[in-house]
Amino acid sequence: MSATKSEFIWKRKHLVGLDELTAEEIIHILDTAESFREVSTRSIKKVPALRGKVVGLLFFEDSTRTRMSFELAASRLSADTVLFSAKGSSVAKGETTLDTVRNIEAMGVDIFVIRHSQAGAPHMLARKLKASVVNAGDGSHEHPTQALLDIFTIRQRLGGVAGRKVAIVGDIAHSRVARSNILGLRKLGAEVVAVGPPTLVPSAITAMGCDISHSLDDVLGEVDVVNMLRIQFERFGSNLFPSVREYSRLYGMNVERLARCRKDVLIMHPGPINRGVELTSEVADGPNSCILQQVTNGLAVRMAVLYLVSQGTE
Amino acid sequence: MSATKSEFIWKRKHLVGLDELTAEEIIHILDTAESFREVSTRSIKKVPALRGKVVGLLFFEDSTRTRMSFELAASRLSADTVLFSAKGSSVAKGETTLDTVRNIEAMGVDIFVIRHSQAGAPHMLARKLKASVVNAGDGSHEHPTQALLDIFTIRQRLGGVAGRKVAIVGDIAHSRVARSNILGLRKLGAEVVAVGPPTLVPSAITAMGCDISHSLDDVLGEVDVVNMLRIQFERFGSNLFPSVREYSRLYGMNVERLARCRKDVLIMHPGPINRGVELTSEVADGPNSCILQQVTNGLAVRMAVLYLVSQGTE
Amino acid sequence: MSATKSEFIWKRKHLVGLDELTAEEIIHILDTAESFREVSTRSIKKVPALRGKVVGLLFFEDSTRTRMSFELAASRLSADTVLFSAKGSSVAKGETTLDTVRNIEAMGVDIFVIRHSQAGAPHMLARKLKASVVNAGDGSHEHPTQALLDIFTIRQRLGGVAGRKVAIVGDIAHSRVARSNILGLRKLGAEVVAVGPPTLVPSAITAMGCDISHSLDDVLGEVDVVNMLRIQFERFGSNLFPSVREYSRLYGMNVERLARCRKDVLIMHPGPINRGVELTSEVADGPNSCILQQVTNGLAVRMAVLYLVSQGTE
């Protein structure tokens, strides 16, 4: 892998999705993140890599933790940050997204981190802007840095990704986290099985190269990783499954189910978790869980992404 | 101009309006902005001019882009910034504006950037505080840095201001941008014509030294600059003119009207633009438009203003 | 005192309340604040003490001025800051406070400054986290840095605390500021009298070691300090006393009452003040008032607290 790293030349100035990336590019991001992870363990957690650069955090849709993670990653690289949040801004004044972002770009922003409710918004902006664009989640489409930190954590804990089998459990149909994970994991040679009720796991998902199971119990014994997606009550209410209790009974991870998994199975969750719904507290806080490690790795991965796109030319 | 620059000694510790400034002072700000503009083109876009100083951004009224522009200008000068936004603050707790600001001043703020819905608020504060005060827009009164960046852009694109003829189009009566522009342009020897329907361009405006026209078509052929003001739907609704379509038909800039202008006419707009209302997309994105250049110049002008008031003593 | 200072070794990595501290520890914070106060008078108001450290400002409850004071204190120590505000965050998504904070901790935060509506929340978090915790106000429980800055100001203005007599006036029953002040002042050997109507000053308060008076006029002649608490209209309305006018007539500080105090009596208020309610403008802006000095000292005290907890190990 170090050979790969030394010979590889990163060229992209945007990171809009894992769909666009080659396996080699994904591995290069993970390797770069590995070297930035060390910075976070120092007493002075800063490197001057992006000093004098400006990172614009554009959150057309709220996301406290993704915003904080990118903001801290940018600070750690010594960049200046400026926050745009859709609330109370001129978006309400009828301006187009493109005009809003071009305006902010004209203030000297070098890299945009963009969260938007509309799928494809970062891709559109990447085509129109001179600045770099990093997708921090677009609608139900992609959330590439979340998938990269998930994959980074799998590689870190299991020693590799190729040949591993990952179950992604929950609302696959509406989840950008699921989509980006499936894309990235498949490119790196992992097997993926999407698990959930038929309303949340439509058969068309197999086109992405993953298997489907409507029974969590059926797959428990054969997977290396169980990635539990958040049930977004605030978005979908209970329209997509009979009840929370029913969901939890069929698809929630608990000690009984954990006992039927491989001994060193990895339990993941992108957060924020609903304790007692996607997983019980015993599982969330137990030794197989790497939920907080995912968050920590998120910093390193986002430092890597911000750094790499700042070096990109195309 | 370089002779003027080298001999001039800046004395003001506040910038509350263009009304107070001499032509010489305005030119000194523009010249200083010129030298800061170069910083924005460097790889490391930072100078240590205000290191260890604190800029307090006090937005009693929301303004995403003006806040971002001042925040980035302060960062670029290496100042620390702290943001106060009226929402959810102790303003709601019945405290006076003066008490709120004096409190924040006592925390060690050196320069206040103040946006306030009440005309004259920055002037009152400038008299009471030891810190510097920069007016970032007060009611319908003044928005001096917007006018300075407009004038900077005119000088940059046309090579000078004196003798040029500028049309300002729209709601002149309620616009602080218009007021500050008229004041600044007149002091530098430009001619100004205020254009709009009689409800928005009352005859009393001529007291500021500008001409009036209720027909945009009448003035198109004779002006060097057309500065289109934003129609603030959110403030005035349709009370002041029959309809948006009617406004656009009479006072909107489009390719037909542009064809009747001088070949190198400058089309300006303080943003955010309402595409299809004040101007069409062809005009906004065409070669005569300098809308994004205005935004970029705003950074340099605000760096200059923050730097100069930090040096001022009276 | 310098002997005390040089020999004392600070050990705490949290500051959750004055209840936990010894007199020696309180004095050590005040002495450390004294040395940081000098930084605020320099032209470049920055020291590198916390460079590369991250201070997380967690405001589960809004507080503009406490947030700004801690934010500026952190900047002045060269720390990076990241703000979490409960509005629009995943708190609304049903996540527990502990999960929210552990998540942010996993992003590499070194010190948390926490404001929470629930009494005891910072204490609970201090037990669970590896990062340091500073209480910025928890329910009606404690607000230690406010009391420390009050005590710092008393020591600065009166030359000492032991043996001085302090009246705290207002809603003692619901005030975390009052509680922390009583605890700290008593530990340093001051006498405290809690003043207010029986609804706001219940007799159980005497268990904290203070006296009680339901008449402000009775105590005026014998105290060195009058600390007027803010009447929190927004919280308690007029349920706890007949009317604002009645409250002001009985417990408001005015020139007549000031005339009956000792000549150099110190008038304090944690802000924001209700002019004409807790005190008149003549008193608030007069020579006995040290309200803005309290704010300025707040910076130095918070710098000291952030610095000390960063050095603590237990």
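Order as written gives the chain letters A, B and C; numbering starts at 1 within each chain.
As a convention for this text, a residue touches a chain if its C-beta (ideal position, glycine included) is under 8 Å from a C-beta of that chain, and two chains touch if they have at least 3 such contacts.
Just so you know, these numbers come straight off a predicted model, no measurement behind them.
S.K.: With a Cα-based fit, what is the angle in degrees between chain A and its identical partner chain B, given to the nearest 5?
M.R.: That rotation is 120 degrees, given to the nearest 5.
S.K.: Over half of the interface residue numbers used by both chain B and chain C, so same, or under half, so different?
M.R.: different
S.K.: Indicate the whole-number Å distance between the mean C-alpha point of chain B and the mean C-alpha point of chain C.
M.R.: Taking the average C-alpha coordinate of chain B and of chain C, the gap between them is 41 Å.
S.K.: Residues touching two or more other chains, restricted to chain B: which are they?
M.R.: none
S.K.: So in the complex, the part of chain C that touches chain A is made up of which residues?
M.R.: Those residues of chain C that touch chain A are 51-54, 80, 82, 84, 88-90, 92-96, 99-100, 102-108.
S.K.: Please output the residues of chain C touching chain B within their complex, sorted ascending.
M.R.: 40, 42-46, 62, 64-65, 68-69, 71-72, 75-76, 87, 233-234, 271-275, 292-293, 295-296, 298-299
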